[in-house]
Each structure stands twice: as structure tokens, then as C-alpha cells.
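What follows is a group of structures, each given as C-alpha cells.
In the two assemblies presented below, subunit A is common to both, partnered first by subunit B and then by subunit C.
Moving on to the complex of A and B:
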């Protein structure tokens, strides 16, 4: 997708939603999951993903767990109680935003538009 | 599937350090990311050179390299540190610590009103406390750097903030600005101005106390909560 910057404002919501569906995930896994779910249409860049994860962790929405995997330490993220609540709110906000955009781009009643 | 070897993991730590990632916690996350990405490249092309694959992955972080990641981590950890200070500070508004706060405000207020040039005495004393705090922060920073260089410790970002009183220099600067803009003559202060000034100065002292003694006392507990691998690195 050439205009990947469209998702930037929604990156935190995407992360929260992915973690709400699964148990815990690590950074690289998140990028791959997004690629897989969107069949390559959307790619989360590394330079955007980690700052977003750290911001969410700093706000108390995510907590971390460390595990030793294949000779190295892996940092897993999972939702906190606050993160679970925020995930629901953010998804609702994003859904409303998408509906508004759809209405703006392709009005259901073009005569009224 | 071809995996990154322990030696290559070491090289990845070295690579992140060479690209201005100073802290072990940030390095660890990036090392795992790079290792995963390299292994993915090897799935398609098992003969691909490790260094070539590494540089290809590094390029994906954009022109600023790891800088955005480091900055975001610093911001998140500073926020955490300030929250810790705020939480401790809040306990001074409730019993039993509230008695200490009340006594301190009374002492500051009394010095201000009873001692000649009391306003300057109070300001000077608080300024000296903050200079002392900055000195201790500087000393701790130096000791930390030596220990890290000698490979005795891993540099964790939050630990660095806790030991070097992360915001102490900012606080000193803040107070300095207030002193510069203070009215030249404390004699013109009304009773309530003196009380307000004493409360403010008392809280500056309490913040200094929290940063220098209260938080460092709970350091291990805090760090183990933030970094589940902390005990492994000690």
C-alpha cells in the first residue's frame, strides 16, 4: 500500500486490538500479524511500531513479560486492565471515524450530500 | 530453519550500541526484532550473509535509525519516573507523613518571618539542597558509567533515571528561574505570600527528598516490576 501513513493515527488502536484478540505478542510478531491479516496491504514500519508500543507501556495500557527464546531475550506485550478498557473505546472511536469517512466519500443519499 | 547464533546475538547488541542505543532494555528489544527479521530472510535465502541481512533490516528503521525508538522509550520511562515521584509526593499529603510536611512548612515559614533576611535564607538553603542533589546525581552517573564500562552492570534506562535523579537538573533550573524573577525585596511580601512561598519551597525540599531517598530505597522493587528480566542482569 503506497499510502501507509493513513494508518498512523490508528496505530495504537491497531496494536490494542491485536493484543485484545490474542494473549501476548512481541514487536516483530505484531508487524507480521498485521501483514498477514491485511494480506500485505498494510505494513507497520519498525520506526513507528516501537515508539507506539513504548508510549502505550508508559501510559499503563500494556505490561511486559520477558522470555528467553532461541539464545535471546524476547519482550512480550500484553494488555493491562486499563488497556482492555481503552481498546474497546478506541475501536469504537475508529469505527465511528471510518463510518463518517465512508459517508463523506460515498454518501448513502447523494442527493442530500 | 536457520537461526541466529549466540555470537551473532552478541554482534546485534554491539550493532545497536554502535547506533546510539545506550540502554540494555532498548537494545534487547531491538536485538530480538533484528534477529527475527534476519531469520525470516534466511527462510527465503539460507545462504544470505548475516551482515548484509542486518543492514537491510536496519534500513527499514528509516533515516533516523533507532533514534525514534530510543526517544520514545526515554519519554515513556521519564513519564513513569515522574509518576513515581508524584505518587510518593502524594503520600506527604496524608497521615502519617502529613505531619512532616506540616512541620517543614512551619519551620520554613518561621525562618522566613523571624530570621533577618529570612526569604533569602530559605531560598539559599533550598538552592544549596538542590545543588547537593545535582552533585549526588552527577556522582552516581559517574559511578554507573564506570560499572557499565567494567561490564559489572547492564545499563537500564529507568535505573539510570532513578539513580541520577532524572529530573533533578530540571528542578534546579526551575528554581533558578524563580529566584531570578523574585521581587528584590522580600519585605513587601504579605502574610499569605509568605505562606504560599513557604509551602512551595517545602514541596521543592520534599521532591528532592523523594528523589534522593524514598525512590532509591524502593529501587529494586520498582525495577523488577518494570523489567521482568532485571534479576537476570544484576
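Moving on to the complex of A and C:
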């Protein structure tokens, strides 16, 4: 992932959120979607993406579907019921975190801060 | 968009296999990733397959290798947890109980002593594991390495070596306890192996 480590802790939430919005996605598709949505601001590398996907799959939040596409096997990921619930919780957590951070960086009432 | 030919896909697969991505289950996902990236590069930058592949690899090879080591760590921890949990599986408890009964009844009749008995058990276990693994893996899949099976065998073989070093020389004192522990560990390994296999089969990685 580029843009130093700021996004690192949010990678699982980003993946869950992308899958919650769409149907099933494969690894390369996720990297491109993130790039497109953030207008190139955020790049997910293979070294970060696949371990995160495997972790989410291992914890039962994602399920896998294999399909033969263009002479090769493609591994699609989709949310499980547990993953759908977790996605909502994680997005709420992240939103709260961003709000807290904003309050810290640019307080609405600087005198009280 | 130009689609890669089977030989080009095979080339990527072989390259990754020779670049430390030896596990088939990880590699097949990376082959698709690299192939898709190369196809896009060929289109957008008007490159030949080899130029696009070379350009992609120069930039991303380090990340690909890093990925494998991170997934290996993740698989190691997952398998360790699975082995621990399966120590309390009803089958493990049942087999250990039978082992206890058998050992209690017949151990004293074996003149050669506990070390010999342990070696006999080891041999039987290895034979059983081999038969189960060969049975589980079809001919088509035998040459391939799967990360969870690899980690499982890695942990189990090291556990056994540790067991031999730490416990074997003490076995004459508490032979029953050590042998039951040994049976339980092996039973947990075989149950975990079956679970890992079922999971691979569910994902259609094993045929």
C-alpha cells in the first residue's frame, strides 16, 4: 500500500466495504476498484491484499468461489453473513475514528481544545 | 483486451513456482493476478507479452514474495489453533481412551520396553498418515504443494521430534501418560488433515 502506513489498519474494512457494495470480486479487481475510487491516491499492493483476504476468509467473513476464466482459475471472494455484519461494525468504527481524528487535528472550538 | 494464451499462463505459473511461490493454492491466485495485470499492460502500453511481464515483475516481484511469507505465517497460526482445538475433539478423546485401555492391558507383555513400543506406534502412525494422505490426494494433485497441508505436516513432524527429545527418555517412568499424549497429538493431526482437505475440496482446489 502506498501513502505510508495511514491506511494499513483500515485495509480489512476497505475490503469488506467493497464486497458489501458489490457482489463477488477477485484480488486484482479489488486493487483496481480501490485505485479507481480513490483516483489513484491509494494503491493496495499484492503483499498487503492477499494476506488480508486470507485472514478474512480464515475468520469466516469471506467465502471463496473458483471459476475458470480466460484459460486460468480465478478466485472470487464474497461476504458471508458474518462478514456482512462485521462490515457494518467496522465501517462504524472507522467513521468514529475518522471523526475523532478530525476533532483532534482541526477542533471545531479551538479554545476548548 | 488481449487474452493470454495457455502457454503464456503456463510461463507465469512456472516463473512463480521457481520464485518461491511453491504452494499451488497461493500460486493459482497470483497467476490470475499477474496475468490480468500483464494483459492490461500489453493493451495500455502496447507491449509484447514478455516485455509486459518483465516490466510487471521488476516492479512487483518483491511484493509477491512478501505476500507468500505473510500467508505462510497466517497459515501456521491457523493450523496451530486447529491442532490445539482438535486435541479436544470427541474422536481424539475416544481414541486416546482406547489407547489408554490398550496400553494398560498390553504394555507389560512387551519385553522390549517403552522405547520399542513408541517406535512401533510411530511406524504405525506414519503408515496410517501416508495411506490417508495418498487416499485424500488424487493422482492429479499429488505433485502439488498446498500451504495448509504443508504447515500441518511441518508442525506435526516437529512436534514429534520435540516429543522424542523431551519425553522418550522419561517414558519408563510415566509411559502411560506419554503414550496417551502421543496418540492424542496424532489423532488431532489426522482430524486436522481431513478438515484441511475437505476445505480445499469445497473450494474446488482438489479434484
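As a working rule, the second predicted complex is superposed on the first by the 110 of 113 C-alpha atoms of A that agree within 3 Å, B and C clash if a C-alpha of one lies under 4 Å from a C-alpha of the other, contacts with A are read in each partner's own complex, and residues count from 1 in each chain.
As a working rule, contacts are C-beta pairs under 8 Å (C-beta built on N, C-alpha and C of every residue); 3 or more make two chains touch, one makes a residue touch a chain.
Computed from a prediction, not measured in an experiment: that's the story for all the values here.
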| item | value |
| --- | --- |
| First (subunit B), second (subunit C), both or neither touched by A:72 | both |
| First (subunit B), second (subunit C), both or neither touched by A:55 | both |
| Which superposed partner A:39 touches (first subunit B, second subunit C, both, neither) | neither |
| Common ground on subunit A, meaning residues reached by subunit C in one complex and by subunit B in the other | 26-28, 45-47, 50-51, 54-55, 58, 64, 66, 69-75 |
| In the complex with subunit A, residue positions of subunit B that touch it | 3-6, 9, 28-33, 35-37, 60-62, 64, 68-69, 71-73, 75-77, 79-80, 226-229 |
| Interface residues, subunit C side, partner subunit A - complex | 3-6, 9, 26, 28-33, 35-37, 60, 62-64, 66-67, 70-71, 74-75, 78, 203-205 |
| Subunit A to subunit B touching residues, read off their complex | 26-28, 45-48, 50-52, 54-55, 57-59, 64-66, 69-75 |
| Residues of subunit A touching subunit C in the complex | 26-28, 45-47, 49-51, 54-55, 58, 64, 66, 69-75 |
